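So that you can tell them apart, the chains are marked A, B, C, D, E, F and G in the order they are listed, and the count of residues begins at 1 in each.
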């Protein structure tokens, strides 16, 4: 467990120029259930694997959130931290619309969320947020966007990406297939997202309409959440095409994930 | 006792991406006497096992609280922390009614309570709350709800759930029977709650009209507390049906519970 | 002396979900001289054993305080902490009377005092109060009440209770006799209180009109303090009835009590 | 020197329910030069033994202070801390007179000073005061009073008392003689005070008009300080009566007193 | 890892008169991908090597930022910290233009950014910024400028300089060639920048129009960013001239660079 | 170096009732170069030994300061701390004159300076001042005064006193001669001061018009500083009378004085 | 490295009455490149040795700053800390001129800068400044002044002085020659300054018009900076007179100077 003496205070640099507390917060992201995202020229899809504290008795935890008609969030990591950032993002989106009478640009919102995260890495009074976000959005001027934010306050733009537990499998899937995404239609994108998610479920878990959910946003397309029965046609198609994906590489083992606080 | 060096400060992440102080606060919830909840399409029932510091001389500690006509709380853990959240919830319910002239939605109240809990997990000046809540409620639009909140600021929605000492026994009971709850009438729900509670009392303790209490809320049903003599008819029926439940699995031993500060 | 590493900060949870600093503050209560309380349907009596820093030269320390005509406090533990809570309670009682033109209810005052105590268990800037209170009161609507509050912010309602050094003896006495209290008259209640106190004095100390004091409050009965000469008739009667109580069990030894700061 | 790990923070309880930092502050009182007080029905006398940093070159340190015409203070312990409390008391006395047009009652002033001391025992930002006070006063309604206050915020009322270095000798003297104080006249009280002080001077120090001082206050008697030449007639009489007190028990050795910061 | 006991607090001097926390923050700069700058009499060029978290799926991280028409920034180190300083610089530039109706001078902006950095090295509440800046600018009065700022709050003016991982190679290149820069034209400066960057890419990485970017600002030349396709003609020319630079010394190995948080 | 665990925090009492941090601050006073004071019925003289960081190149440090026409300060210890108190005293003297149109009394000013010092011994945010003061003054009502203040906030009145390095020698001189001071004239007092100072210079240092300075204040005598050439007549007389003082006892060795920060 | 336990907190006194953190800050001054100062009756000259982070690519760091027409600063130590004090001094000079319509006196400015430094040695929230200043100035009334300030808040007035790395050599030079400075003309003073600087350059460094700079201020002489080409005539004369200074003692070795943060 122990690494060195520079890793307990948020405001302490290690001799190697690292901020260990920020890195540890990133570990919480890696332990959340996976979130995948991909985009075409006109659409952005986020898919998430939901967890349930007691499979039969409870509903599954929501991990996808609408920020505005043109922006959606997916989270991996500490759910309660994620809520704080979602709430903050909604407030900023509303304020922007109210002040300028235009929707907030995706890039601007990503920046504001990241700046808020940066503050928690520099001051001693608060810990860094333990959550990673996938941010999907569509701007009239700049088209579709898919961003990832980190506890460090860094953010990256992607064509396709996956975060959370066992997400390496999904990233590998995307690396093989991303060239075809640009012109893909909605159904194709959703099926890609589901196939990527499937690789992150772990050994004994099936991808079902209960534990998976999909969000979509894009050109002439207001944010829409697809889950439960609405998801089943897609899962059925996934089954049909299974032959095409049987050669899917097995997900790497990562069984020591803390199932309780992160999702 | 000792685990590692990352578990004494609220704002310190462990290298594994965990917040130990938050997990320790969850231990306090596990040591409180049990609280069980279940719901049908029209009603939500919470049952609690009450403790008494001196069985003969004192009354039993109340663990169920009315927040509004359509919302009730049950607590397990540090009673004084629970009071703070109950008081806060009542204020929010009243403010909402006053501002919007409609009752606050259950989901909204759960969110506000959870956001308040999250703050105590991120700042250095306060410790996390040592209490878990079951929140029962009925909304005109969305029907019956049963939520559980945690010291982490996470919350979950359930069909039926139990928290507190020896609550595993109750969860097992619910897992076996929950399919029948959806259409059950009030008396049936109350009897299920009492049977689940019975499994959490420990070896030498009987479930009586003194140490048990039930709350009920739902469609066309304002929050009602059932305890003392009002509870006895139900306990009598429980006795009659005892033959049906004699095969109840024994509660797991968990005798080292701190009886003083948590309830 | 040493227990573990989680017991020096107020805001630190132990891995077992305990707040050691709060528990240590409760120790201060156990070292104060005893305070006993009991009630009938119409009256509540608190008795206290007073200490004197220098038996001959000083007066004995007052431990009973009037909050309002219908509410009285008895304290065990750190006297100066107790004063803070008494002062606070008086202010709240006066404010309530001034604002609503009705006396504050006992339950409401208990809640406010307990909430104030809870705050000191959650924030890092103040230590928990080292004092336990017995609160006696009479409400028009709900009749007589006897509450005990703790440093944790928890409170309990009792028919009869004793706190402080060697108070187990008094609780045992109450357990044997409490069934008769409900209908008892004033004199009987006072004699019960004095008998219970007698068991807490320790080996070489007599119960006298100097070191004992009694408060009484109830229906049609404004708060009254009975001490010094006014107490002597009752002590005389106690003597007469001594034959009835010679079989009193010896108080357990607890001689290492700090006599200086707690009372 | 070392006792345990719970004694360096003001806001930390020890497992035994003690506040060590407060107890250590009381040690400073024990190391100040002695202060004695006694009272009759109509008069209160405080006597103090003054120290001088360089016997020949400096004047002796004043330890008696007038607060108002009817109240006086004597201090033992950290002189600079005592000054803070004296200044505070004078302000409160003046404010009371200005607001209510009556002199502040002795009890009320004692309470306010003690409440101020209590605050320093509960918050982390200030240390407890290292000074004990003897407070003499006369109220129209309640007659003469002699109080002692402690760093803990506790206070006690006495007929006669002594605090500071070697004060046990004075307390023993008072215990033998206090029954005669009630009706004693002014001169008798002063001589008692001087005799008690004499026992606290240590082996090689004489009681003189330089190192002793007396204050007196009471019925129809505004606060008066008696020192230097005014004290000599009394010291002369003490000498005359010496035969009566030659059997005085020797003061216990306590030579390691820090002479510099406390007085 | 361990050096000494004076290196964990921002506000602690070592006995040798050093501020270790500030030095550790400088390490973060050394781990960011390289940034190079050079200037002629009329133009200033900054070149940066961009990193990508997932080479195929993500775009490369932007490291060059326009502050105003006459000022540009390049960063090496913690990207999120860099963003804070960029945002701050833009605000200052706008405020200056608004207040004085003239563009802010480069020197003045450098000073304000450095003063802001100095504050984080002297106060305990914030850590030093983990980012180094190259600041290019043109003033009507004083011509072209190239500054470097450090986490310490120090800044330096250069003719040509390189910061970040493997930047020694670039500095060596500049030392050999800087005499020719003064009169060089735009294309020549850009090619110098690209050649210097090439030496910082590490063993298996090519300099491409994806991972390199150039900014240019100067006399009669508003800030312009050159990347992607616009950069390719320059890279082609670089290739042509490759013969001239084949004797380029190999970059020193420095493979343990943290690729995640710094850029 | 190490003494015990109670000596690093300003607000921590040791088990023996001591405030070690305050005592350590007093050490700084003992290491400053000496300051001596003495008074007659009508005059007060302070003499100081000045240090110079580089004897030839620098002037000697001023250690005597005028506060008002009737009050002067002499300092020993940390010069920069002394300046803070001098500045504060001047402000208080001016404010008093402005408000009441009379000069501030010496005693009142001493009290205010001491109260300011006491604050730094009780709060955690500031360290105690590392400087001792000699305060000379003349009041119309009460005549001449000579006070000494300490880092603890204590103060003492003297006929004659010396503080700082090797000051024991001066105090011994004063003890032998103080009886003659009361009626002495100005020149005599100054010569006494210089003789006392002479004993504090250490082995190889002469008392000269460069390193000595004298201040004088008193009845019908506004504050006057005597140094440089004005001091030489007195030093000449001292030489003449040398025969009378050759038997002067040698100063005790105390060579480890820190010459840099204290004066 | 380790000295004792009293040297990590700014507000902690050592048992010997020292403030180690302040002393460590003084070390930073000793590691800055040298700054020398000297004055005649009418002129004050400061000379500084400048460092350059990369000798060929960068300009040398400025170490001399004009505060007002009659006051100049030279710094040794942490450059960014020096800038804070320079900025502060300029503000004070402007405010004084604006308020009183006269230039600020040198002494007054030195006092204000020193008082600002003292604050950082007494409060826990900020570290002491790691910079020493030479302050040159001319007042109509009091003529030329040369002051040195320290991190401690102490300041000294000199005829000639040198601070920073290898400055002992310069001080030795001044000690030998200072008697001639008083009546020297401008050129002579500048040559003295350059000769003193020469001794501080270290073994392989020449004194050139690049790394040396001179400031001059005095009677009828507004602050003027002499560097680059303007300095070359003086360096040439220095060369001519070299025969006169060949016997210059070698500078003591002090090669472990941190070249990066201090200047």
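Here is the rule we use: a residue touches a chain if its C-beta (ideal position, glycine included) is under 8 Å from a C-beta of that chain, and two chains touch if they have at least 3 such contacts.
What you are looking at is a predicted structure, and each value in this text was computed from that prediction instead of being measured.
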Field: Whole-Å gap between the CA centroids of chain B and chain G
entry: 71
Statement: Per the C-alpha means, the centres of chain B and chain D lie apart by a whole-Å value of 57
Statement: Each of the following residues of chain F touches two or more other chains, namely 9-10, 26, 124-125
Task: With chains as vertices and touches as edges, which is it: line, ring, star, complete or other?
output: ring
Task: Could you give the sequence of chains met when travelling the ring from chain F by way of chain G?
output: F, G, E, A, B, C, D
Message: Show me the residue ranges of chain A that touch chain E in the complex, using the header's touch definition.
response: 4-6, 9-19, 22-23, 26, 111, 114-115, 117-118, 121-125, 152-154, 156-161, 171, 174-175, 178
Field: Partner chain D, residues of chain C touching it in the complex
entry: 1-3, 7-10, 20-21, 24-31, 52-54, 56-59, 61, 78-81, 83-84, 87, 120, 124-128, 130, 258, 260-263
